[in-house]
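Chain IDs A, B, C, D and E follow the sequence of writing; residue 1 opens each chain.
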């Protein structure tokens, strides 16, 4: 038994004869921030779906959270899916408190929290808007807020900031880092932005093209807190070029 | 004679489908009585039990088969229809109880008091029931009348849901027999408990058709007269003929046999006459209908009928 | 204000047009009053006999209302159960189709035999007619609820009940209300058929049947008018409830900040 | 193979169970044969009279099929027109509700008076019953078709017709088929009512009506069985067509590379 | 009358009292490649929707294509919406040929073209897949292919590559540039990736936060063809910092 919060053990997934995810193992220590990068269609979202209990992997593997198997179980992660999956019949405020609404009674505190963060991050005027009246980036922020206020110790974030402009993205990133640091949560983070992956995480997992598997597990020891000037740090640049190289060498993989 | 020279007449029945009361018409068709009279008669069934008058007045049919009560209300409503001959000569409307249950003309009051009486809601029952109740010394509130136009009186009766059903003997009895219940049915004729003895069904036409087609109607009544007599004389053959004509009617031959046999006695009066109508029958009927508020005024009995097309002799 | 006026006016106009055509046919083809009445005579037949009709109308409305509610609830419950349990769906679906393929009259008689001549069999018959379109629409609706939204509920371990109230029920609002509107429209017709199969005392259906047997065509058509008005009213009521309960279908912004906690959140 | 077997077996089992319960009730409660027959007697009544019944059954099926097709087409056309033209919708909807709120029997009689006793009024009545659930579902479905997909069609200036066939029709497949399945189920019942009102002599409905007057309950219930089988068969056919036409609902990958150009692309 | 292909003249949009787009004018010369960057919710997609004819702007403005007004008209642009709007009942191949299907009979050439590009850009095995069986990045690529094979002279692309990994994104970018160069099309391109905007375009429009308006119209004279090393070009770096500055100064805007 290890002390890893999440222990993915030889998980594979085949859809109708096509192997999408080759047997993949990974361990995530409690409190760490791990990014996953990899080419489109390599099985990143599939991996998240399996961890979250939405998909059942091919037999043989196992997923353990805090040591106990959660294969096919759910309720143990906060998961922001790749689609900004807002509930069309709920306003922004109600979408942010949706997780509470799905699991227990929504309290006044929940509401207050939702209103607070929505106001803090630029959606204060849109609390009563339905999702269809939001821009793409606004939808993504609402989905992100919903995931954060679920207060789960393990967060799976699938390209959470893909539709955000640089400035808003920075705000969200620093908010996420704050929450992560202050509440000791564990984060698994899919992104296509290599800078982002280095900027945020302790470890970066690089996946191969379909059938996906982890081809590199790169520790990132850049000191925290990291400011924007970290982008010019030699260690950063080296790490980035390693990752880029791994990603670009895919034809030969 | 060949078909081309035959005069076409459409005959509208009183019920949406065929049953044994149509036997005389079928016999007249199949045994050639109509053809011999120069007629080609086509039978038409109405979409529901109250459209025969409309079939006649809209010209969709020329001769029809309807109850005398329907005649009463039609004339009252201004429909130019006229009865050209009784089908039955007396009133075989009756009250029925489940076999083995007490129902007797002598103590009809006790037998009906507080009981549930089934009615299809037909005008005839509505007209007759007040006579019976008055005769029994009962008020309407002292019995329970169940009206179910789409119900089935026999099933309700046999299942014990109602105590008394109302119908005519020729329809109710074969039904009882078909149900194969033990014991003889218990029936009391309406005429035994105060109902007037007037005919239930007549042949009718419109006034304008009667004026312009006197010969055709005479031929029709003459053929129907012969056919009725033939059918009464050969009940089994006549019924078989009906069954052959309407094999898919859903009725069994046994039902039709019994039904027709039970109909025969009502077709003639005490003078063994067919068809002949009287002022008395119509004024009694009209008075009864006025009594229950179905018609607004009692017209002269001659408004309703004519005997002019009856076969002579 | 103007919109409400329009949504009331236009249907009235269309009914007016029907009345006009009706009037023209009667006059143009010299239709005799005992065949079909003029529209105004039919209306008058209702007004003049209103004292007599009113209790009958009330009776029919009662059967319609109760029957609709039981039918709607049964329809939703059956639909939910069938969409969740494949085996139940396969077992029950043929029976449901059976229940509707059988002519109502054929069913009504045994029902009256069992339940007697009270108001109960009528409510049962109305419910019997109402539940089916609701069930079919709920089953088909639930099997096509957005899988991603269901996944959202699953991720957070939402109970079946909360998944149902928070995701599935609002997710099928359109087909559910389609089914309810169809059912609402049929409810009156069902009540009328049920009344024909047996009433002690009077009923709207029997009043009409009686008028028909007595060639009182204004009363016959007048009664039909009354039945229709009940039906349209009931349909509009359901359509109105749909408008009220699904604001996100028409609005971009919720009407106002809610102060009290809505019941759905409990 | 195994799946097909299951999808046939389970409904049969459920029908078997109903038969068993029916048998138990008859025997257990000593129900007299004139009230209700044993199931096997009902089946026998069908088998023994099959020669007589078969042409009647064929007649009913014919009315059902034609009526269903006309009704379905009318339902879709009306639904489309009403969903496109607000004014038409407001004008016509009350009339549609009216058409269904009026008891069919009340409508059937005048229809038969006008159209005569041919097969036409029966087809009209079946179509009359079938179109309504289709229309309601199509109208509600079309007002909720994915706005983004409609925008896609608009961006490229797609004609109304192509927008309809490419986006709207597949987009409402679920509610459309819900409506069609409801209609299919009602079609037989409608044909039976129509037969009662407008047959010259021989029809399945009359066969039953008279068997009922005869108290030949095995024939009555047997006929009901036959009607039900027609109804279930028709329902299954529509459900099967739905399966065939909406492969994307069940599959992740289209069955195979198409070689011939499908008609929908023309 | 000007020779601009697209002439947006004082377009504004107000939703229920809130002005989302302040009166905005812009001209796009035929054959040019213009990027738009701006904070989330500033009205970029709204602007595209107005140009494409999906939204009607507030009265007063006008949109002209080749000199004639197209206000409220449609059919004159190829538009890739922000959502990867695939048709759920069409396979990948049929989604790519969807525009043909919406406007005319689909020819064998259309099919061949669809299969060719799908195969060339990594979707060859998925020609018969329905969209629900695709990954987020694959969906986005299909939507992009559909837009390109529509062969419209004016293309509106709303964050077309947001869900793609670096390598795939590069492939798509160079494909787009090839098509643009070879067929002389005109491209309006929304992106949140400032690097991307500079890498691809002739001009970059920077928009202010809601209510959006164009605060800067920056020509980009970097020589083409641009290779990856352009990222270190001083001109590039200067342009990037100008844009970043404009975007970050939004609080004061």
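The rule is short, and it goes like this: contacts are C-beta pairs under 8 Å (C-beta built on N, C-alpha and C of every residue); 3 or more make two chains touch, one makes a residue touch a chain.
Just so you know, these numbers come straight off a predicted model, no measurement behind them.
Colleague: Can you list every chain that touches subunit A and also touches subunit D?
Modeller: The common neighbours are C, E.
Colleague: For subunit B and subunit C, let me know how many angstrom lie between their CA-based centres, rounded off.
Modeller: Those two chain centres are 40 Å apart.
Colleague: Any idea how many Å lie between the Cα centroids of subunit C and subunit E?
Modeller: 50
Colleague: When the centre of a chain is set as the mean of its C-alpha atoms, what distance in Å lies between subunit C and subunit D?
Modeller: Going by mean C-alpha positions, subunit C sits 19 Å from subunit D.
Colleague: Identify all positions of subunit C at which a residue touches two or more other chains, and write them in rising order.
Modeller: Residue numbers touching two or more other chains: 113, 193, 205, 252-253.
Colleague: Listing for subunit A: what residues touch at least two other chains?
Modeller: Answer for subunit A, listing residues that touch two or more other chains: 15, 83, 132-133.
Colleague: Using the touch definition from the top, which residues of subunit B touch two or more other chains?
Modeller: 48, 54, 58, 152, 155, 159
Colleague: If we use the touch criterion from the header, which chain pairs count as touching?
Modeller: A-C, A-D, A-E, B-C, B-D, C-D, C-E, D-E
Colleague: Please output the residues of subunit C touching subunit A within their complex, sorted ascending.
Modeller: Going by the criterion above, the answer is residues 148-149, 151-159, 162-163, 166-167, 170, 173, 246, 248, 251-257, 261, 265-266.
Colleague: How about subunit E: which of its residues touch subunit A in the complex?
Modeller: 15, 18, 37-41, 44-46, 82-83, 122, 125, 133-138, 141, 159, 162-169, 192, 194, 244, 247-248, 250
Colleague: Name, in rising order, each residue of subunit D that touches subunit C in their complex.
Modeller: 6-7, 10-11, 13-15, 17-18, 35-36, 87, 90-95, 97-98, 100-106, 110, 132-133, 136-137, 140-141, 144, 174-175, 177-179, 181-182, 185-186, 188-189, 192-193, 205, 208, 220, 224, 227-228, 230-232, 235, 249
Colleague: If we count contacts the way the header does, which residues on subunit D are in touch with subunit A in the complex?
Modeller: Spelled out, the residues of subunit D in touch with subunit A are 147, 252-253.
Colleague: Quick check on the complex: what are the subunit E residues that touch subunit C?
Modeller: Listed in rising order, the residues are 15-16, 132.
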